[in-house]
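Accompanying notes for the structure given below.
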């Protein structure tokens, strides 16, 4: 089956200006999201994954800026669009499930009103139709109809997150980007949200990009996974392959760091994550890598094809 | 071991320097301008005796009839003279000194009351908090200015300390409220818990853990109290209700209004008191806004890290 | 039998919400009882979702919060008595590791103050030279390089470094019991393993027991010997970790274990969660009856009206559910 | 259950209101009577000086006692207190004024009140509206040139007491037109009546005082609105509204303005409640015959009853405004519920 490219990010950089110099949060990132897949972007705090999402969605505000790169969605570079053109694409084509679901709903407006707002600003349907649509979407995410008439503070964290997902799929976009969708949720609510996200792909054919630091989340729902470290993508591949046979030493280290029921020893990666202000030379992982050589210290590895589906940025893999 | 000790010392010195530079860089322009104006004002207030000695010699600037009345600004009298033949520059500096003095004394006094009450209320909590908060809220809600005016009218011939005291009694609740809020939020911080399980006493927690982090808010509280005190005092003087024996900028405004300076368009009588008053209010407020912008995390979030 | 190291008896904490006159109350924890034996050091995981009252228990044991009723007995003496008469000694024995590795440092001071204060207050050394030696030794044991840490302000260190410095502090004081409240939830994945391994090594090397509070069953299963499951302020199940995770008894524990996301794509969840049943609207106030009543698939009329007893199924294995009566 | 808690809450709130009102009024009453000074003696001396006649001390004493009775200053503090509030509550009588004897205080207040309300309600509402609108716009455009210029100007102006602005405005007026600005509330040649001429005259007289009040008030509201807007702009829900691709006007009105306005409404209510305070100094500077002017005149003449009346009215309106806003606030903000959370 031929895979169709939906979103292609090419050499994207997102920097933040500060008095100490530029924070190179996202530094030359390229990847492709295909139609109808769940793509995971994994990485630890400070690796730039949330900034990457903001960059794709055009939400970078000063002092942040984009020195170079392209974000091609359905053949158009989103970074070159006018703000009105971008506004029209948002929500009709690309929807977003933000990190702070707890605080992402306007506290003084009823849930249905907030959903109707986003429907009305992108369609020509009547208010009544918009309301019906909003309520049907709430049902689809398993929320009772009463929720429509409620205010955000009356809902639990998991319910708010589902309201946001219902809002996101209101107009059946082609792409939903979820940033840490289950952080701060309890285990049971987390399972609900993850299964819901997975069902977006299975039931509606929506492409889902999930960004999270939690490998268990990716393992449960992703088709493919991209691993970020220090502002770059170091490995991309189908989820089963990456977990079974990680190529990059960082990925290997991460997988051996995760506590799993039944595992008697986990190891962790020595050292600390570097600062975006001052990335290490050469391979950015070399100070923590057990296999680092002279070449790793000086030459920056690029993301290369390992086999038809897998890519890795490491001098050692061949 | 020794090696490390030396290393640490060098590192510490370096850190102090870098931290100092960072702090200066962090100072925003509002704070810088505010501090500058404040510096000029306080210099003028402190140097008033010296300057007036130079202009007038040993005569008090409020003595009437030293010069010809209503002189226009000239070399000898930079701002001219008033209806009673007093040098306006000397008079204004005299007024500035007392306005500033009353503001500072009342401001510090009221902040002191506010800090003590705010700390007891916030840290002790319980019944102390209920009682003190009720009093504070009550003082904030009821219109205190008329009562202040009554007191000031009836207690004539007050000395500066007395006036400052009365002003302080009516302006402390605001800083008490600020400090209480800060103490309440800070005492829930994990580092206070850690201090408790490290067996620090309440006294140590208040002075070593809480106080240093509340300093900026104490600064803001003092600034607000000074503004409040100067505002109230000037207001009383302007309508002629202040204690009769202290000449402040407000008194000068009152005289100017009485002499018909406004109606005659004699700007030279008004310019110095008006400018000085604006400078006092503006400088303290700029410092406050500046401190708030630096230390208020909610505002910081928007302007970037 | 030996006297237990720590014994928590019928601990209840009721919070009053709203003003003095509103009179509304919420039970954060309700008759919580458990013990830590003194014969062998153990790590006990207290597992629960947010709002289950796990932090309240930690704070009461640390003497930072007064219980409404019930008592905490440490080495045979009520902790109120300890705190009144031998506060220093109690804190020499029981120390916390908190969740937020940033908030535990006073931003006004350099980070080493936390260590120096501990040495000073617990009288671990008599002079400056010894203090420094002690601190350096402890840092070395935790694998921190002094030149990266000393003289820095908290915001200049990463979360991992800050939390590891807390381990250094523990190592200096060498308490008998650590109360660790979600200690790894705010540090990076790649650094968690090391943190957990240190905690385990404290138990093995220095006989330090821990109460490890977490919402993550994966982590609990790695670090703990026994697991206590907390649901809405009550303990519903207790047992050795493997048994609790592989053969959960209480319907709530069953729901929890079946919801754990396993970090292995070959072990995905099989059954679909019914979305409408995840959360109930009403924050029900459970005065009587089972705390899990509203969400339990096996709930009967009895569960609504009677509080299930904490039954001992076999040694060390307890459950609070009528299904096992 | 919900209804019962609402009723309990309302009753407690109103009880609290009555308690505060009572204690504030009492405090004012006592402070005032304890202040040293002999207003009656001063009054009689003044009468004597005006009439240029001598009264022997015994006669004077008798006269003073007579006046004490008239003004309700007879007996000890408690008797005076009870007498006074009996009159106030049962006969709506605030006593006799000194400054225009024997006119009762309530008549003086009713005479002065319309002028103050006319001047201040209009300026308060107008500066509130304008300040909020400009504030939200500069907040939205934060960091731009317009923002920094407007905000800095507002910061300066909000810090200048309005009477100083008034003085400066008059100076400018004289400088530009060469004539005196109007003082008072209407020309002395006219009588108060419902006519266009009179109305225009009043409006003309109100221009300068209103302008100074509006200028300072507006800048204050602007500054607080801007900082509210800026802090809301950092909230997640605003970012999410933008990510949703909502139209700008909708974000501005429903997400930013709606949330920022709530605290400002409280401010407006308190400002409106404090109106009867009168803008003492502006009224003084412009000879405007409102409450402020009345109060200052009464103070200068040690007029117990009038001062007491003015202060009580102020306390009453401010506390009532706060009560009303507390009761209505939960209707405006769904997060706040009666009885607290």
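For the reader, a short list of remarks on this structure follows.
The first chain written gets the first letter, and so on, giving A, B, C and D; residue counts start at 1 in each chain.
Methods note: a residue touches a chain if its C-beta (ideal position, glycine included) is under 8 Å from a C-beta of that chain, and two chains touch if they have at least 3 such contacts.
Everything numeric in this text was worked out from a predicted model, so none of it was measured.
At the far end from subunit A, in terms of centres built from Cα atoms, lies D. Of all chains displayed, B has the C-alpha centre closest to the centre of the whole protein C-alpha set.
As a whole-number value, the distance joining the C-alpha centres of subunit B and subunit D reads 25 Å. Centre-to-centre separation of subunit A and subunit C, using mean CA positions: 32 Å. Distance from the subunit A centre to the subunit D centre is 55 Å, each centre being the mean of its Cα atoms. Contact with two or more other chains is made by no residue of subunit B. Chain contacts: subunit D has no residue touching two or more partner chains.
The residues of subunit D lying in touch with subunit B in their complex are 20, 23-24, 27-28, 31-32, 35-37, 142, 155-156, 159-161, 163-164, 167-168, 170-171, 174-175, 180, 227, 230-231, 233-234, 274, 277, 280-281, 284-285, 295-296, 299-300, 302, 307, 310-311, 314-315, 318-319, 322.
Taken together, the subunit B residues at the contact with subunit D in this complex read 30, 138, 141-143, 145-147, 149-151, 153-155, 227, 231, 234-235, 238-241, 253, 257, 262-265, 267, 270, 274, 277-278, 281-282, 285-286, 289, 298-299, 301-302.
On the subunit C side of its complex with subunit A, the touching residues are 49-50, 143, 158-161, 188-194, 196-197, 215-219, 221-223, 245, 255-256, 259-269, 272-276, 278-279, 281. Residues 44-45, 141-144, 146, 156, 158-159, 162, 184, 186-192, 194-196, 213-220, 222, 239-240, 243, 253-263, 266-270, 272-273 of subunit A are the ones touching subunit C in the complex.
The part of subunit B that touches subunit C in the complex is made up of residues 1, 4-5, 7-8, 11-12, 15, 19, 130, 189-191, 193-200, 209, 212-213.
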